[in-house]
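What follows is a group of structures, each given as structure tokens.
The following pair of complexes shares a single chain, chain A, combined with chain B in the former and chain C in the latter.
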Partner chain A sequence: MSRGRSDEDTVKLKVRYNEDGVQTLFRVKRNIKLQKLMEAFCKKRSLDPRSMQFTFDGVGLKKNKTPEELGMVDGDEIDALVHVGGA
Partner chain B sequence: MAEYLYDTTSTKWFLPTYFWSAGAKLVRPSDRTTSCGRTQKICRLARFNGRLKDCMQIYIPMHDEVIGHWYLLICDIFHKKAEIWDSLPDVRHNKKRENDCHITLLYLDSVFHEDILSVFGTGWTFSSFSVVSPLDANPIQPNGVDCGIFVIRHMQYYRQLWHDRYDSNVQRMRLAIELLRNEKNQLRDVIIRETLKVMENASDFMAKGNKLGNVEAKDKDVADITITRKRVYNRKQKQSAVTIPEIRTGRGQPRPRRR
Partner chain C sequence: MKRPKSVECKTPWQRQEIPNIGEETVGLTFDPLRPVRRGLLLETAKFFWEWGQKENTHVRLCGKHGVDTSHDFFIRLLTKDGWLNDTNIDMGLYLLRVRQTIYANLVRSDWAIVDTLFQTYAAIDLQHMRLYGGKEDRTHSNALVKMVNGKLPTWGKPWSSVKIFFMPYNVRQKHWVRLVLDLTSCEIFVYDSNIDLFRTHILVKAVQPLAKLITPLLEEAGYVGDFPLRKGEWPIHRVMDSAQQVGGGDCGMFVIKYCDFLSWNVELGKISNEAMHLFRLKLTVDLLQGCYNI
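Moving on, here comes the complex of A and B:
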């Protein structure tokens, strides 16, 4: 997050909370597990991580993948969806 | 039920739960057209492109957030009829659910706008469908937790007598086994192998009381399998020039990496 870090090893990702359409911007290292991003997002928006599903281009995101593995580039948008239970 | 979800030749379309809960539900009439692209992405609707002329029925899981209840909307294109299959109808909520179904039909009009124009021309709309509840055949759930099972079974066995002598536990167990043994389940062999291993070493396993090691080993296998399967799909794609998306057969399974 510091200014000194070169842009090459970080990527800017947007996480869009589907319920209200608000986007949160994150700058993360390319080789960091997405779990960290998900946790940070949930903490910021006060959401329960267990009830969330994150998708990228319609495909569910795995916690232990990294932006590099998924070929993410600056400005890519992740959708944060809520699991809905019912009876 | 991946077999139905990702079959690109089926005349029945099964939309994911997100079509309502992350799409139609949140859309205001003013921005209905702009949010379509997002819903198409989230629900991977590209697989239906250009197939509307062959479509007979569209199955849409609907959610009542007031009491937390899933029910099913079935759009019968041939009869221009939209059926609500609700396993727990309630006079206090039926009006709202019917209204929600109308919203969904309007949203279908926007999402499949171009396909509708090219197949049926102007003037044809989903929203003009008559919304009905098939009260004669509609089974009622015997408890307060089985709405999901009823929605799934209605999708699988439309108007069949699957609910004869309904037993919640039996249905749930069967569904789990069907999912596991489905030929399109990428992890079928892995899970069966692991299960057999666990059963063989049951005493060992219990004595250790430590599942961690096993789970990790499984994850590695799983990852390998996913990658090999993905290569197969790529090859198939070239042959048929049809997109075969990855298979989802349950929660918590890894999906192939994004290309």
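Moving on, here comes the complex of A and C:
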């Protein structure tokens, strides 16, 4: 019996870093919390998670949501945005 | 080592109906300098003391549409002259939009506010345009179109239904200014709380990409206003007599207060730099309560 993940259980999501426009592709389970994906992206790009916010279609992503709950499909793009401040 | 999971910390006001505007207060004029009740301040102080003892906790502000905030959010907000980031500003403006919707009979209705994501998405959109070879017939970001149509941000209004809209704008990642886009004359006004920081031509150059983007975006979104849209770039004017901060750090608060006061038709001259730390405290209490105390 195969232990690999079937395509039905997973979704391919692109995470686009707004500073350089580079996209990183992730294949994740549909019912996994997006926090895992956010942490994986920050680790891969050596970013501080506290300085980042993630949005999907203009709406801030909540860490405890899953791709399934948000109706995400293959090829959907998440934006990884750096917080900005000012004085 | 695996990081422990953050647990939500409940505020004393969560899931409570706050008697914000009662029968006795309706009809009164808005006093932006009205102090917060002493009892409320004590409750807030107690809450912060208790929350400070708990590690790995967060607070959900303004219910399901709000954000999860850590201690850092309030440290920035409550520190005198502390720099505000986009989340602080977005939450402050969120409260203004809620207030406009709920208390429609008390607040001016001819304006709309977008949050800081508009500028971010506009920048992404412009990157796409460069890739697209600068052609005008490309499609704009879906998120921007939704913002114009009032579907974003939460409690937003369609721009077709208003005359002006306010927008926080970050210049060179170090200074917040407020833009007022006048949809009747198709002009952009820049309210800057620190006019000594940037020369006018630098500020105009920073806002220019937006001035070029706005007409094609409105056309694509199907905007129908009372006045014809200007073809091409919108003129940018710097307002030279807006209230000024003293020292660095309060520009984010000035942006929120500019929007707050204009929405009530309160004189902008009443935005006092000396009162800014008190406005920070008031905003903190309002955010924790999830409503705007008038």
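What to note about this one:
Assume the second predicted complex is superposed on the first by the 84 of 87 C-alpha atoms of A that agree within 3 Å, B and C clash if a C-alpha of one lies under 4 Å from a C-alpha of the other, contacts with A are read in each partner's own complex, and residues count from 1 in each chain.
In the analysis below, a residue touches a chain if its C-beta (ideal position, glycine included) is under 8 Å from a C-beta of that chain, and two chains touch if they have at least 3 such contacts.
Being a predicted model, the structure only gives us computed values, none of them experimental.
Legend: residue contacts after superposition of the two complexes on their common chain; A:31 is shown touching neither chain B nor chain C. When the two complexes are overlaid on their common chain A, residue A:79 makes contact with chain B and with chain C alike.
Once the two complexes are laid over each other on the shared chain, residue contacts for A:63 go to chain C alone; chain B is not touched. After overlaying the two complexes on the shared chain, residue contacts for A:71 are found with chain B alone; chain C is out of touch. Once the two complexes are overlaid on the shared chain, A:87 sits against chain B and chain C alike. In the superposition on chain A, A:55 contacts both chain B and chain C. Shared-chain residue A:18: touches chain B and chain C both.
18, 21, 55, 57-60, 62, 79, 81, 84-87 are the residues of chain A that lie in the contact sets of both chain B and chain C, per the superposition on chain A.
Of all residues in chain A, only 18-19, 21, 55-60, 62, 65, 69-71, 79, 81-82, 84-87 touch chain B in the complex they form.
Within the complex formed with chain A, the residues of chain C that make contact are 67-68, 70, 72, 76, 81, 83-87, 116-117, 120-121, 123-124, 127, 141-144, 146-147, 152-153, 170-171, 173-176, 248-252. Contacts from chain A toward chain C in the complex involve residues 16, 18, 21, 50, 53, 55, 57-60, 62-63, 79, 81, 83-87. Chain B makes touch with chain A in their complex at residues 17-18, 21-22, 26, 38, 41-44, 63-65, 67-70, 88, 144-148, 246, 248, 254-255, 257-259.
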